[in-house]
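Common to both upcoming complexes is chain A, partnered first by chain B, then by chain C.
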Partner chain A sequence: MIRDPNLDLTSTTPASGAASKAKRASVSVSADRKLTLVLMIVFPICAMLATNSFYKSVLVFAMINAIAAVGLCLMLGFAGEISIGQAAFYGLGAYVTAYLANQFHFEPVLAIAIGSAVAMAIGWGISRPLSRLHEHYLAMATLAFGIIMYIVFANARPFTGGLDPGTSVAKFAILGVDLSSMDRYFWVVWLALGLASLVAGNVAATQVGRSLLAVKMSAPAAASVGIDVVRAKAFVFALGALLTGLSGGLYAYFSRSFNASTFGIGYSIELLMMVVLGSLTRVSGAIVGAFIITILPVLFEHFEDYKTLVFGITMVLIMKFMPSGLVEGLFSLGGRLIRRKGD
Partner chain B sequence: MLAIRHISKRFGGLQALRNVNVEAERSRVTAVIGPNGAGKSTLMNVISGFIAADEGSVDVDGTRALGLAPHRMCATGVARTFQNLQMFSDMSTVEAVVTGRTRHRKTSLIANLLMTPAVHREEGEAFDAARELLRAMGVPESFWTRRAGDLPYGMQRRVEIARALATEPGYLLLDEPAAGLNDSESAALGEVLLKLAQQGIGVVLIEHDIELVMNVSSRIFVMDAGTVIADGKPAEVRANPDVIAAYLGEEHE
Partner chain C sequence: MFEQVVVSGLTVGAIYALIAIGFTIVFSTVRIVNFAHGEFVMAGGVLYAWLNIVHQIPPALSIPIAIVGCVVIAWLSYELCLAGMNKDNHIAQVMVTLGLGITLKGLAQVFIGKDTQFPPPFTSGPPLALGSVSVSRQSMWIVGSLLVLIVLLWALLQKTRVGKGMRAVAINHYAAVLMGISPKRAAIIAFALAGLIGGAAGALLAPVASAHYDNGIFLAVKGFAAAILGGLGNPVGAVVGGLILGLTESLTAGYVSSVYKDAVSLVILLAILLLRPQGLLGQRLPNKL
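Moving on, here comes the complex of A and B:
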């Protein structure tokens, strides 16, 4: 018998159909880095220009989402591992953080760190049974995982507060210095996003990311050059869960009061939309996608009836004309314009 | 020596391999030929760890290797290519070959996540090694930064061999490398294989192109219906009446 369906030689299609459409040129990593850097400079400028605290909090929320989107980008875009259960890791990060802070009065940074680590451990743990699945089966399994975890969050009321009353945490502070105002918390999240995209960028630029891409493009070939396919998948699940858990921990201190409804399937799908919309293989794309998906609903606030319609049409147009994502599409458009100028 | 002994493998009711013995030496080209369905590719997959054999042993330079997972098999110094091209299509050509260097990477995961100077150095070395291999395989420089999947078929075949060579194998298993190549490409491939053998690599060639096999092989194993029916030097195999009946008679002259 063939030991591992991943290594089925009769299949000539790569492991992930949707993700494989994303083309990737070798010189693009540094362009991705530059755009990420630009974004990291643009955010503080936006924060300064934001006229009221509501817009500022939307910006912070977008950055929190961006951290989770970067995690999913590594999973789906690089390794071809689709996950429709990311809200589970987001919830794990948030609840473990809140629990440690409330029950044991952990320093917030430490609570977030442990929350992220727990999410990472669970991510690593579920990757093993999932490593034999791909495409629709993996999508279904992760969806099921997300649903199960949502039920746990909603019902483990002694720990999570369930749907009602939910849970709340104290103000975010570092060594007693209150950093909970949106102006200050912005920089906390900014730093976290900066670190997350730095690490993700390093994954993309080194053999680590190349091994993940290899697993996505041809698992048999990856194994034949010495890449442990199961380990590579476990790694990317752990890293994706870690970043999403970090995002959840930051969310706990951002909202300060939340209930299980935040961690349903809706959030997993939003994350998926962020990554697909922005870019599958660029860290900067995931960040841009997170911004669009977070901010669009706010912009269309006054057109409540048309919100979903505009949203849907935008998605369809992008999928149709820029199948590998908005950022990818803009990059290739830019490349074409530069070349035309050169002629 | 790559010693394959008493390998048997059954798929349901089909005895795909029955007590197969094949030996390949370093610095030689060893060919395994046979009609379609003879079990050549199954044997290749057993050797490289993709399929578990029911019985038998595979020894690589005296080390027991049967039952190892494919990525561990690679670490024993056995590299392979695939019958259906398995290219890292969306990578650039040079990156696809760099990926073959994975098992020679010394830097840790954490070092990579932090992108330490040692990682930069190692990346540079891996790219240099990959370019060297692409040059040696005759892949024109203009292709190196192109998307690997966009290269002409024959070139992708060469890139696949370069990728396997990047693992620095003691033995290189090639599953029908000449399939889809024209006569001159096929002849060029033959020269490459002989050159690899001169460098000390044991080349194991599974091939339908008899002309190529006869020209480059030191020893030929002929398989039919899951068993080895003959082995010897090209001239001996060509003269063997069993072989002619099973295989050569129909395809050669």
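Moving on, here comes the complex of A and C:
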């Protein structure tokens, strides 16, 4: 039997093309994981180098925000589910944690776990009706949900303390061991961020993450290949809410005294900024974004008045010219330059 | 008591209707939900207050200047930020309009200031008595402006070539292009109209409810709720939705609780989105793939 070389060629080329594409995709996921690992090593080094306890607390706050940003990154970047109401889950996590700790003297870790679980349950609950909505409508509905929850936080004073006097919690401790000093609390938050990025990385690397990407590209097409779209959306909403609730619970013990103004629409938009600034498709990008957004106002302390303006302009420029995120955009720009040199 | 509550509800509702009209015109012509729309309204109020209080320009002059300022802001917003963006990337569009809103808020904060200001009503004088209820002169201005703007808008959209072109773009973008209508021009006019009507709403509202750089997002949410209540993309629906929303809020504040009056309009927004996304007056659209 004579084999036609042309036929052979046409049969292998598309296959090898697909294989190289698949390889590239898997490389990017593992590159993302490596980068996350590097970040998880860099954070303790930064903490050791930070002589000032103020800088250390900024670092811890950045890591707390990073947990919430990772959650939003999964929702927005992977599943394409925009949410402008993440502050609601953040607040739920913080208030449930504080309420359990103050009223029933729960062990802090348990209180945070239950707080995150409540946020997750509510996220799952609202995702069912919200899964009917797309882009613009979803943005509006989550915005409304966020503001409703803010009004509840500000006015349900018996539970939350409202805007004034707010809520305060006792020191963070595990089994009676005081871990509330920034040096020790750093490791608690570090562990939580590590767990969060491990979970998110696993989601991204497995079939679950790929089905979320499929839902983002086209929900009907995803449904046609057997992906349960409603279930996928509910999953990502619940996971996003869980991580944001966890970050809220950690925030409660970080600030130890807070009021409802923390959980307004401003925080939801800051979280969006973190994801946009980092990357819409990389877990490590969200962490970098959270880091930048938390640190910037501290660096430009006397530019407090310009913060809103600078945030706004940055957001417009990034989304207009690099819609998949700044860090991501710079990566692909760098990649293109390197490839051009190679050619 | 009841009549008074209804009158104040209709006044607030007229403002919501004005906000919703601008929002809905932009949505139907450009297919963008403009999250910065509330900032146009904020800008109208803040510019009027700034010109009148800081620069001592009388209302008869400062109001038109503030409204023209809003038209320019809206036009620049489209021209610089939204024109030429990928129409299919809705998330990027949402984020750009959000960022635009934050930018405008930041500009107001930096150049005009963070103080809450109460500019004077358009015409001073005691409230007018209509039977048993007294109506403030500013309320008359608000309701009167809504009526005048509705008539002008109707005339523009139904009678002029420009307005017919905008409606054509709203109905079918590609068919409109084939007929020689420029969608970009339609979009610019839609944004300019949104700036005009939104700026007017802001200036009208400022003497009643203050002007502050941080008001935009709340005004936007009220406008969204009104527009969606009446059916997104339908100017008549926007007016009906605005008035219903204003009445509901005012009745809630009067008879139930003033604390949760803002929550009521948001719950209505959520309920309509989930149960009847086409709005009360809208027609059901088929799902597109």
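Quick notes on this one:
Note that the second predicted complex is superposed on the first by the 283 of 343 C-alpha atoms of A that agree within 3 Å, B and C clash if a C-alpha of one lies under 4 Å from a C-alpha of the other, contacts with A are read in each partner's own complex, and residues count from 1 in each chain.
Everything below uses one rule, namely that contacts are C-beta pairs under 8 Å (C-beta built on N, C-alpha and C of every residue); 3 or more make two chains touch, one makes a residue touch a chain.
Quick caveat, the model's predicted, so the values are computed rather than measured.
By the touch criterion defined above, A:P44 reaches neither chain B nor chain C. Of the two partner chains placed around the shared chain by superposition, chain B is the only one that A:V208 touches, whereas chain C remains out of contact.
In the superposed model, A:A141 lies in contact with chain C only, and not with chain B. Of the two partner chains placed by the overlay, chain B and chain C both lie in contact with A:P220.
In the overlay built on the shared chain, the residue A:V152 is in contact with chain C alone; chain B does not reach it.
In the superposed model, A:L309 makes contact with chain C only, not with chain B.
Residue overlap on chain A between its contacts with chain B in one complex and with chain C in the other: 218, 220-221.
The residues of chain A lying in touch with chain C in their complex are 76, 80, 82, 84, 129-130, 132-137, 139-141, 143-145, 147-148, 151-152, 155, 218, 220-221, 265, 269, 272, 276, 305-316, 319-320, 323. Listed in rising order, the residues of chain A touching chain B in the complex are 1-3, 7, 9, 12, 14, 20, 22-27, 199, 202-203, 205-208, 210-211, 213-214, 217-218, 220-229, 235.
Touching chain A in their complex are the following residues of chain C: 32-33, 35, 81, 85-86, 89-92, 94-96, 98-107, 109-110, 217-218, 221, 224-225, 228, 259-260, 262-263, 266-267, 269-270, 273-274, 277, 289.
Chain B meets chain A in the complex at residues 11, 45, 48-52, 69-71, 74-75, 79-80, 82-92, 94-95, 98-103, 105, 109, 112-115, 119, 122-123, 126, 145, 147, 160, 163-164, 166-167.
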